[in-house]
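Report on one structure; see the data block that follows.
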Amino acid sequence: MTFKPTLKGVTFAVAATLAASAAYAEDDTIKVGVLHSLSGTMAISETTLKDTVLMMVEEQNKRGGLLGKDLEAVVVDPASNWPLFAEKARELLTQEEVDVIFGSWTSVSRKSVLPVLEELNGLMFYPVQYEGEESSKNIFYTGAAPNQQAIPAVDYLMNDLGVERWVLAGTDYVYPRTTNKILEAYLKDHGVAASDIMINYTPFSHSDWQSIVSDIKSFGSQGKKTAVVSTINGDANVPFYKELGNQGISAEDIPVIAFSVGEEELSGFDTSPLVGHLAAWNYFQSVDADANYDFIDMWHAYIGDEDRVTNDPMEATYIGFNMWVQAVEQAGTTDVDAVEKAMIGQTTPNLTGGMAVMNKNHHLSKPVLIGEIQDDGQFEVVWETMGVVPGDAWSDYLPGSKMLLADWAFPLECGNFNVESGACSGQSYE
Amino acid sequence: MTAHPHSLELFRRDRVWPFLMPPEPRVDVSHQVILYVEGLNLSFDGFKALNDLNLYVNDGELRCLIGANGAGKTTLMDVITGKTTPDSGTVHFGQSIDLLHHDEARIAQLGIGRKFQKPTVFEAQTVADNLELALKTNKGILPTLFSQLSSEQEDRIHSVLHTIGLVQQKRLLAGNLSHGQKQWLEIGMLLVSEPRLLLIDEPVAGMTPEETERTAELLTSLAGKHTVIVVEHDMEFVRSIARTVSVLHQGSVLAEGTMDQVQNHPDVIEVYLGEDA
Amino acid sequence: MRLAFVFWFGLLVLWASPVWAEEPSAEVNTLLEQLTEAGLRETQPILERLASSGDEAVVLPLFQTLLDGDLYYRRSDGRLLVETDVDGDDHYVDYFSGEDYGELGRREQSKVRINNSLRGYLSEAIARMQLSHEDPAVRTAAVRSLLDDLDENTVSLLAEARAGESHREVRQALDLALAMYTAEQGENSAARITAIQDLSESLETDVRNLLFQLSEYSDDGGVKAAAAEAMQAIDQKVTFYGYVDQLFFGLSLGSVLLLAAIGLAITFGVMGVINMAHGEMLMLGAYTTYVVQLMMPNMINQSLWVAIPMAFLVAGSVGILIERCVIRFLHGRPLETLLATFGISLILQQTVRTVFSPLNRRVASPDWMSGSWEINPVLSLTYNRLTILIFAVVVFVALLLIMKKTSLGLQVRAVSQNRAMAKAMGIKTDWVDALTFGLGSGIAGIGGVALSQLTNVGPNLGQSYIIDSFMVVVFGGVGNLLGTLVAAFTLGIANKFMEPVTGTVLASILVLVFIILFIQKRPKGLFPQRGRAAE
Amino acid sequence: MSILRSVLSRQPAGQRVLPFVVILFGVTVLASLGNLLVPESSSLHVSTYTITLLGKYLSYAMLALAVDVVWGYCGILSLGHGAFFALGGYAMGMYLMRQIGDRGVYGHPTLPDFMVFLNWDSLPWYWFGMDQFWFAMIMVALVPGVLAFVFGALAFRSRVSGVYLSIITQALTYALMLAFFRNEMGFGGNNGLTDFKDILGFSLQSDGTRVALFIATAVLLALVYGVSQWILGSRFGKVIEAVRDGEARVRFLGYRTDRYKVWLFVYSAMIAGLAGALYVPQVGIINPGEFAPLNSIEVVVWVAVGGRGTLYGAVLGAILVNYAKTRFTALLPDGWLFALGALFLLVTLFLPKGLAGLYGQVREGLNRHSNTPATAEETTP
């Protein structure tokens, strides 16, 4: 059939192809959707996670697949475009009919996908540390909540380093805003005066840090031990750290503790001037554990490059994937409702030598580690929590969410249950 | 219908609403002079394009401007039509209208039309559309949006088409016309806009001798009803139409008079034939 | 980092005894054994005992290696190792015997871990040991690093050093330290007040903090008043230097903008090509730097000198290619060159992403660009910013000379002003076009080398500078190189002086709004081309 | 009366509108029926995914149309139309946010979640009235319109044109992007507005609402198409085209071209705003990313690909390029930018009039047997 390139023909072609592609859902594989940006600004972080999921899928298939079927990864590229995340999620769920999605990095992409997941009853694993204040029936959060990263980090600075003055520096978006809000409340609870807290926000990809670093320098030279808590995002970190190094702010004078800087970010520049600055995560590549060494070997073998690093979101993906596999095996089906029920209470080894537990609020229990940057771009663990810390969906330090509780187990089955009013609001699933 | 007759008036399709009509420009020519140009000075980066230039043109006159390249002919036209603002000097249209206080569009609405050196017709539009755009009519936004050609206007366009000999090409895109035809079309656009004063820059450049002759006839016939200022290099042509000629040199008027007077003017001879003559 | 190691290693060899020297005494040996087994909290007592063992020849290099994070031990027997670079591979060498154990796997060796407080302890201990170092600069630095922690022991050490010190600067530093001690702990108020008055000349932050403490909490009224007065004097100077600092920041931002925009001032300003791929030329320059460093891993200090001409060639030839293949077909249609070059920019970005991966690449800074030039304790200019500022001006002057003094420049100007006439006069306009575009792109490539020292080297590098570049060129006036210079520095300084008041985001927005309004007022920029030719 | 008559009597324009409307409605009706009436098991079923995708394409088509009106017909290359689109989207988003009411995660009766989270205790003034659909819809057109008016009045009066104009429109959208990223602005910062529940009382998650939105988009696109065709077919349109080809000349004919340009720009901005408002409920989110300069440039490319200076070309270009994007990013994620970049190059080099001009170009080429490159003939900037 031939037609002139008219609007009519084209639109029909669109409709026809799209409709047709839905008809090919095969039943002999279990489909795993991968929703990570492969182009655009977020590609730099997310491409690694796509590779991690593909590696895990390959490994699982080597072990004989799942429920007697092979796993099949379906990769789409939402191109760092937030509305496209929703569209691609819909495509994965309705056209490709995937059984689970591993995806998203930024909060906004998760927020964009969330209504689609709830509408179509999909299942997604979100592997990045985030601001909390959310618990959806259809999402499992395998990254850290603020109480699994920020609060222990501040405890460490306060108790072990004797920090009295605080700079909270972040990129202007929701994660730093929430984290800093929580920290501000937390610090004030611990007797820190408002004049000893400096809060600063910068735009995405900020590249000229001269003034801010110099402000930090003078803020920090008032005689009290000062630390910077950095929630600066992605791109902006390299020029920030370069400026720190050049202006001679050493970790002994003013330590900077970061929540968004991991091995991957450090691999982009020379860390020798930054030795001793800190990061708080639930995993570091340098952790001395056999599970970790195995994982690193597997990663290097898969990616074919000994220089590639591993990082915390990769561990979160690893845990999420293994938990999902266990839950599917336990439920005997990939049906979302059954898997969701089976997920709660799942335990699986993490990469730091302990066990990760999925809690009723869809967040994990994880250990919190604090590492110092080394001159080879790795972190050296200098402190860790005694045991694991359960993730808290709703912060106890925010007035709006103090009274909220997430519990997806019977009988509550609510992501934001208001303890005071007894109401469960904001749910848009059926 | 008992509507007030005046309100009915509002909906007549051949009229725009009165409150949208700009006040009819009245050019006061009680002293017979329609254009006063006095003491114009203009320099670009040190180059004096106009140097204390004075020029008076009578109503209904046909005036030719001649002069070497860079004498300031085109710059003078730019100043009169509002394209360029002089450093000093005044330009008055009739007794009362100070042209320096108006922009190009207003000056055109006042009744000064201009034909450029290079024919600039709208090549992507038809010959008829080109003329329609040039019609003397309300040029405001809403009137233009809702306007329709009235039968008088269509007649007007048709008669101009006839004058410029493009009746056959009425529906042709202007871009497909020959160079001479474009020149004619541009003259037609001038005619259809019924200006009081026409500024015509090199009208016969690139025309065949026949066309040149017709142009000369047309321009002479225009004089009287309209005032015409022609800039031209073709001396034959100037001689054939000119009653009064002004010679521009280095931004000011060197001589003025009939062709013969000008040609025998000592200053002109000196400038054109060299100092040693 | 290997590079840093080489550097420090070199230093070590220069001033300390060779690393693998005599085997230490039994006491030290036991301590070292404990060191490899200790947890972070137990390390400091061991180090203190090591320091007090008195064996400086062993302890000083050991502490230095530890501080540099190069001290490892073998898991099997606890032998101390140093990580050493051998032909580009990390080898582990026995700390004492110098025996090379080759590359050891993750599970065979471990690092002797230190943390920030240990690092602090180590640098202080090293400083104390270095009070008698032969280099006066090292001695000064040692004294200054002790300022924040002056106890009786240290002070007596310092007083002793003062007695035998002959170098002027070291003496000044020592005097300052002793004055601080007197101001705080002096026997009578008169002595304390005199000391405080001496201190008011100093801009050291430790001094200021001490004075602040005294002015707020001192029991002695006279001391309190003197401290407050001294502090006021210091604060005035600090404010002044603050402005100087801001000005420098502004100039520095301006130089970055200049480097980013200067290539565009040629391609867009002179040729009228709206080159949306300009940012990618910057990116190519930055990646060239990366590749050059990959090819000469042991010569980072020299690599930039190779990278600059290379970047010019790479970006320049890509530019010529673009001109020959695309832009020459689009003469006189500036808006279409915008679309075409935008397409090119996407292709270049994706090419880089495919070849080098979407991850940022690590570009090392040469040593002469790290650190800062400390004019005084509150004013220090970072070397990289300073270098880039000078570099930007040099590039600008060079470009200006090319445009004004060479025949290429003359032809370029001729073609840009009147193509047909230039052609008629025998100028090969095609050739000139290609070279001009190549020149603009090449200059952008050089700008990219500079940017690689400041920011991320990744596929998005170009994108983040393209809008700024256009703003600078348009603000300065298209076709006017000097305008570009003035515009870049004006915007840089304006931005930096607004930032403290409005915050970063608002400052950028205000600058943009200002440019939009400015263009309304002067559509042709700060320095417009005038005359009929410009129409 | 005279208006109506003049609308109806403009035959040439009317003739061009009709086939477009017929095709558009045909597709719309078929797709809608395919979604609502055909059972899911059938191969003729049109999935909701397809419906939202088509809806998105049509809103993009409307945006492309808006750009074409100013660029193709008047030569104003706006690299900032994404700003008007996003502003319209935000106005709609604000309405949808207010519709959530107390169903947000914090359960606050009026404040959207992000405000509760920022500890605000009352709505900022510019959020008032946005709970009324009619008011929000006025804002959808008014806000972009006013911005375009202010910007246009400034720029066109001072005769900023060509490249300079393009670049300051880009600066405009960039500045707005930075501004909307700020959390203090009260538009949700980077996250923007999302998690909408319903529109006019209908759940946004039901197929019926989605189909209705899709149909509404199609109807409004047809309407806008018709009105634009009528405007451009009027003498106003002739003036506009004349401005594109020789603005100075038009001024000497007595038209105040700056005013013509301002009003056309305002009209175009309003269409863009409307397109944004239709886009937001269909994709479910609006955030400052829509202001990114890159987006605006992409729109220009759709128009260039389809063929500027023809309205159906713009619509065609938007739909085609976006369809290609959807397919490409699924099949070959790494290749998309290569393809898009190559598309830009090829179209500007070989198809200056876009696909819509392809037919004429081919015919001309056959007739003339000429070897001159197609590009050499183009005269418009």
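In order of appearance the chains are A, B, C and D, and numbering begins at 1 in each one.
Please note the rule applied: a contact is a pair of C-beta atoms (placed from the backbone, for glycine too) under 8 Å apart; a residue touches a chain by one contact, two chains touch by 3 or more.
These numbers were taken from a predicted model, which means no experiment stands behind them.
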Closest chain to global C-alpha mean, per-chain Cα centroids: D
Chain separated most widely from subunit B, comparing mean CA positions: A
Whole-Å gap between the CA centroids of subunit B and subunit D: 42
Subunit B and subunit C: spacing of chain centres that average the CA atoms, whole Å: 65
Approximate Å spacing (C-alpha centroids) for the pair subunit A, subunit C: 31
Residues of subunit A engaged with two or more neighbouring chains: 38-39, 172, 201, 203
Of all residues in subunit C, the ones touching two or more other chains: 350, 353, 505, 508
Residues of subunit B whose C-beta touches two or more other chains: none
For the subunit D and subunit C complex, residues of the former touching the latter: 77, 151, 154-155, 157-160, 162-164, 166-168, 170-172, 174-175, 178-179, 181-182, 293-294, 297, 300-301, 304, 334, 337-338, 340-345, 347-349, 352, 373, 375, 378, 381
Subunit D-touching residues of subunit A, taken from the complex the two chains share: 5-8, 10-12, 14-15, 17-20, 22-23, 38-39, 75-79, 81-84, 86-88, 90-91, 94-95, 106-108, 111-112, 114-116, 119, 133-134, 172-174, 177-178, 181, 201, 203-204, 398-401, 404, 415-416, 418, 421, 423, 425-426, 428
Subunit A partner contacts - residues on subunit D that touch it in the complex: 20, 23-24, 26-27, 30-31, 34, 43-50, 52-54, 56-57, 102-108, 113-114, 116-119, 178, 181-183, 189-192, 194-197, 205, 283-285, 287, 289, 312, 315-316, 319-320, 323, 327, 329-330, 333-334, 336-337, 355
Contact set on subunit A toward subunit C in their complex: 38-39, 41, 43-44, 47, 160-161, 172, 201-203, 205-208, 210-212, 214-215, 218, 221-223, 235, 238-239, 242-243, 245-248, 251-252, 255, 264, 267-273, 275-276, 278, 288, 293, 296, 372, 374-377, 380, 382
Touch list for subunit D against partner subunit B, complex: 1-3, 5-6, 9, 231, 234-236, 238-239, 241-242, 244-246, 248-257, 259-260, 263, 379-380
